[in-house]
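Each chain gets a letter, A, B, C and D, in the order it is written, and its residues are counted from 1.
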């Protein structure tokens, strides 16, 4: 694999800029609420603070609790290597890397859920059970969208899909984007599915799983969450913006960054305008995402 | 109306008497007369000393020995004769029907002699007695009559069976009714009655859970 | 030599009848061994047949089966008679003969063997009929040896139904003579087959139909099977072993003789259809009556009806070799199972399956053989019945009647489910089981030998046995 | 071929020896386990050094019988995992079963089971195949009912025996038809027979017959009853290898037929989806560990069926490359499933051996007592949930690639590919749920009931588990070796000219290594960070609740409740609400009976039994009626004859 310099630059950019996204979303929510809101770089400060702190481990937890954050971040970093996140080709690209990408996300979810169960508290179990339930329904939607992309692009590798001669356009594009946006919100536990900054453990999903982590572990987890947002956002962005336009040439990184920040803003807007869905209504939304992707497949 | 026609008619009349008889003694006497008639029928074939020997044995066994054996068993068991499934009068109608069928059958198989019709009628009568009478005695007599019918059918055949087979046949019939007599004696002693309708313990009918 | 095989047991029987208990027991053992030796000798050096008596392949096969089973039953009887004499005073015919019951029992056992040998060896169809009637008469006193009310009822039903059936068979024989017509053709098997073409087809078909019903009653095909479960479950176990293992085969032999004549006269298709219909009906009726059966001896009896149905189906599907192999396998397995059921009955004093608990602790050797025998009779591979069932199915599918094959497979599966459950219930452990009493080898050895015969046929059919089966199939294969 | 026959001999001789020494359990255990391990070594050597056309042909005097076995690449794919897993199972069985009077017969049956499976995979004669097939069924039945005392095991054994027998009936019908058509029982002549038989008949007979053994969804009913009843090392071998004989049967029989039409691939794919989703849903709904693992075997068989369906759909639509990838994925999943399912059953067995409890709701926090089992069970769970560094991902990756290639190809195969993707993704998500539940509830958190558990596991149990976990990781990280084993048979089945499978799997393996290396790096980074700092331990945050109890943790049924209720598979719930001011007792219990059994098989069989036992009335005991039967039969026959 000839790894050009641009791919490495994109990889580094992603690592650096990922924590910005949550900051932007919180800033947009604050703006809508008439508040000034915390600084966009708040997550950077938190990370620096957490990495400097000690840690408190629950007496009930064991080895898996400590392995959770580490393995989850490792999986996300590997997923980043496969995703052409910077506007050019990705570090590693081969037939079927979209499958590996999906299953790396599944691996990070797997170890986070196990870490939550290891705390021995009923809240950890509750969060884990809901997380597993929603991701089981989100998975088919994600794969159906990938199928649509693969069918249009005639190949099933991210690079070839994004740089393909005839990208997805027209109604199929809209349908796939809608589906992927719903999956983006579900996977990153944004508002319609889960409220990231709620205080009532009974309602949390993602937050309650990481409730017991502290110090450097919590830093790794928050950084992982930001990275995950970047990854899934990159897919939506690379599809939405009219890159390449059939030439298959490299797209300017600046345009890509603008796109991903715009996506963050859109997510912030959605979060400000909607309240959390009732738990029993969430599966309906995920199924609608699958329907959208299926419709896209039919149409294209 | 040669003698053999007469003998065939006697066989038929005995069958009718059997089907309609209400008391066991009458049935035994009718079976004895029929046995004698069948024995005499053997002389239809060209007479050789084997034929004479055979018919004498038949008469001795069917007309003399069986009635004596059955009467002994009957007195010892002191069993009263249970009513048959089919009323006596109605059995007359069945006799007529059976005779009609046997005549039709003998014409259908183009062997239309009275003896052939008589043979079929006796076989059917034997079946009827076994099926309709409840007492074990009457079943034994029914079997005897059935055997007689088949023997008569053999007589009516053009070519005669070898003597050894005839003898074996007779020996078997004798042994069969002999053992039946003993069995009836034991059943009547064991169950105090010989009504086979009541003796039906061996069955798979009891309902399962 | 052939007539010796018949006269030897007959004479021994007569001697036993009037001799003392010791003489009778000695005669039983001696005759069993002598008869077996004679039969095996006749296998090695085929005998030239006479006018009345001759041994073709089929006759020889069924004679060997009868002889082997009789030897096993004879040795089992040694232990059985000591046991039963000590426990229950039984006198069936003794008042007439004024002697101990045992000699009478042994005498009729020997008469039974003599009559079966007579059936296998007779060439003349009329003579064969006489022999078959003799087997019935010889076996009736054996069934009601213990003179319990139930065995008397069973014996009477057996006698009455079989005699009526056999009388019909005699009628069939006379129909056959009518079919021969005026020509002086004696009812000799080979002669009949040679000029079968000249027989009047209408009479021949009628003769076949009547003899089929007659001998079918003796063979236990549905709907004439009604006597079989009663007789085989109420008789002493060694008698039911002989009844199931050897007697049913003789009835099948006589039926196949008449079938061969029909096939030679070109009516093979017609007779095959009759065999197939009655065979399948027997399998269906037996399967229905085996489901949720609560008496293990009746279960074995119905299994005999089912296996006779399978043999009839094999004959009907045009696979005489499969029919012969299945008859041999079935005889060995069923006889072994009946002998074992005798052990179980003696230990648990009840024929009800739910009364038999903790068989494994109580009778370890019997329970192992019982489980193996049940697996064998259900057609699991290491045993021979699997192959004969497979061949029957192949013949059925080959001859194109797929529905019959489907029905047979379904019924076999139903029987498997129906039988496997009670057998597992019998082997279940029971709490508070008394120490297992020593099982006398006289009760185990015969069943073990018979079981190993069927295992041998399952694993590896030796060449001489193969030859015997092939010649038997050829003898009855007919035209 | 000599090595392979040596392996078979080693198995049979060691089986006999273990019976002979049954008086001295230690000796019989040594003979049995040693024999099995030796046979495994010989067998694997036979696979590696197989000669040009290795086959052994001995006469066998059984009607149509011929002892004809041969090794070919397709058999090798099934034999390799069999030898490995059976050897591990033998070692595991020594300490799991303990040394008692049953050890001798246990190893006799276990080694005979291994030998019969080996013969099933290599038999080239229908009679030998059937004999080995039924002996395998008989040995596994006797092993399932080892614990004969409790009625549940007996019932499970009975259901298993009847199910296999019915399945075998279809196979017997198939072989009988073939024997009649081509006049010989040699598999070499079967193509001639199957060419003249209608393909639908052969396909349906083999899918039903072999599907019943493989455990396709409608026929799987015996699997969740039989596997939990068997001792763990036996259920590991049954789940890992024995149900694969069904898959092997289908592949072998269809390879004799002319190239199957498109609908056959569609049929297998739809069976795969139903079995996959249905199996994992019922695995989620079970509280008994081994029942859950048994249902997940049904799911994995569904995944294999998806791969095969993809293969045949690809072949039918002329795309041999899709066919190749589909078959390669299915065959690789056969191997992978054998390893990780065996590992999981060993883990469940170790838990049962230590605690005597199989109900997950009463277990928990076992990682403190059984660290090795916990670690290996974690590896097994990750592998079965098809997560990257492990082997489960590699085979599903292949099936996915085949499906995506079909989607890219478009037209008919496209929709087939989409269906496969949908089935696989749903099954993957649910499998992750099922096995996070299994591992989390059993090994993590606090013990939910008082458990009398001694620390650590016997070495003979830990060894095989570690070995299998290492094997799963090795195939996951370096898939090119396993790919080489699978390439040839996949080529043979798909008819593709040439395909470079190792290079297709290489990147997936490399990224697996990347994940492992990154985790290690981050682990040491974290350890260095915390080196100097204060690391305290405190009770878990219970949102301020004053007296948190271990029983307040999420249990297996509550963990699965959202998913199980969403898909609605007939869970029966028994609830006793607390009532009164000071409620004393409340109880919630949920039970999920098998939907196929309760809705389809039970009513069907009761109906049949009802109808058949109505025939019993003919045996009522009255002699007169009996004689009427004879008369009626005579009249009927005469009328039919003379008409």
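Here, contacts are C-beta pairs under 8 Å (C-beta built on N, C-alpha and C of every residue); 3 or more make two chains touch, one makes a residue touch a chain.
The model shown is predicted, which means the values in this text are computed figures rather than measured ones.
J.: Going by the stated contact rule, which chains contact chain C and chain D alike?
T.: Both-contact set = B.
J.: Quick check: more C-beta contact pairs at B-D or at B-C?
T.: If we tally the contacting C-beta pairs, B-C comes out ahead.
J.: Most central chain by CA mean?
T.: Answer by centroid distance: D.
J.: How many angstrom between the C-alpha centroids of chain C and chain A?
T.: Using C-alpha averages as centres, the distance is 79 Å.
J.: In angstrom, rounded to a whole number, how far apart do the mean CA points of chain A and chain B lie?
T.: 100
J.: Could you please state the distance in Å, as a whole number, between where the Cα atoms of chain B are centred and where those of chain D are centred?
T.: Computed value for the inter-centroid distance: 69 Å.
J.: Can you give the whole-Å distance between the Cα centres of chain B and chain C?
T.: About 30 Å separates the centre of chain B from that of chain C.
J.: Considering chain C alone, which of its residues make contact with at least two other chains?
T.: Only 156-157, 160, 164, 206, 229, 289, 292 qualify.
J.: Going by the touch rule set out above, which residues of chain B reach two or more other chains?
T.: 127, 130, 139, 196, 200-202, 204, 208
J.: By the touch definition up top, name every chain pair that qualifies.
T.: All touching pairs, sorted by chain label, are A-D, B-C, B-D, C-D.
J.: Give every residue of chain B touching chain C within the complex, in rising order.
T.: 109, 111, 123, 126-127, 130, 136, 139, 143, 146-147, 150, 153-154, 157-159, 161-162, 164-165, 168-169, 171-172, 175-176, 179-180, 182-183, 186-187, 190-191, 196, 199-202, 204, 208
J.: Mind listing the chain D positions that touch chain A in their complex?
T.: 364-365, 367-368, 378, 382, 385-389, 393, 396-397, 400-401, 404-405, 407-408, 410, 414, 417-418, 421-422, 424-426, 428-430, 432-433, 436-437, 439-441, 443-446, 504, 507-508, 510-511, 514-516, 518-519, 521-523, 526, 529-530, 533-543, 548, 550, 552-554, 558-563, 566
J.: In their shared complex, at which residues does chain C touch chain B?
T.: For chain C paired with chain B, touching residues are 52, 92-93, 96, 124, 126-127, 129-130, 133-134, 136-137, 140-141, 144, 147, 149-150, 152-157, 159-160, 163-164, 167, 170-171, 174, 177-178, 180-182, 184, 186-187, 203, 206, 229-230, 233-234, 289, 292-294, 298.
J.: Which of the residues in chain A come into contact with chain D in the complex?
T.: These residues of chain A touch chain D: 51, 53-64, 66-67, 69-71, 73-75, 77-78, 81-82, 92, 94-100, 102-104, 106-107, 109-110, 113-114, 117-126, 128-130, 132-133, 135-140, 142-144, 146-147, 150-151, 154-156, 201, 211-212, 215-217, 220, 283, 297.
J.: Under the stated contact criterion, what part of chain D meets chain C in this complex?
T.: Contact set of chain D toward chain C: 60-65, 127, 130-131, 134-135, 138, 145, 148-149, 151, 154, 157-158, 161-162, 165-166, 169, 172-173, 175-177, 179-180, 608-609, 612-613, 615-616, 618-619, 623, 626-627, 629-630, 632-634, 637-638, 641-642.
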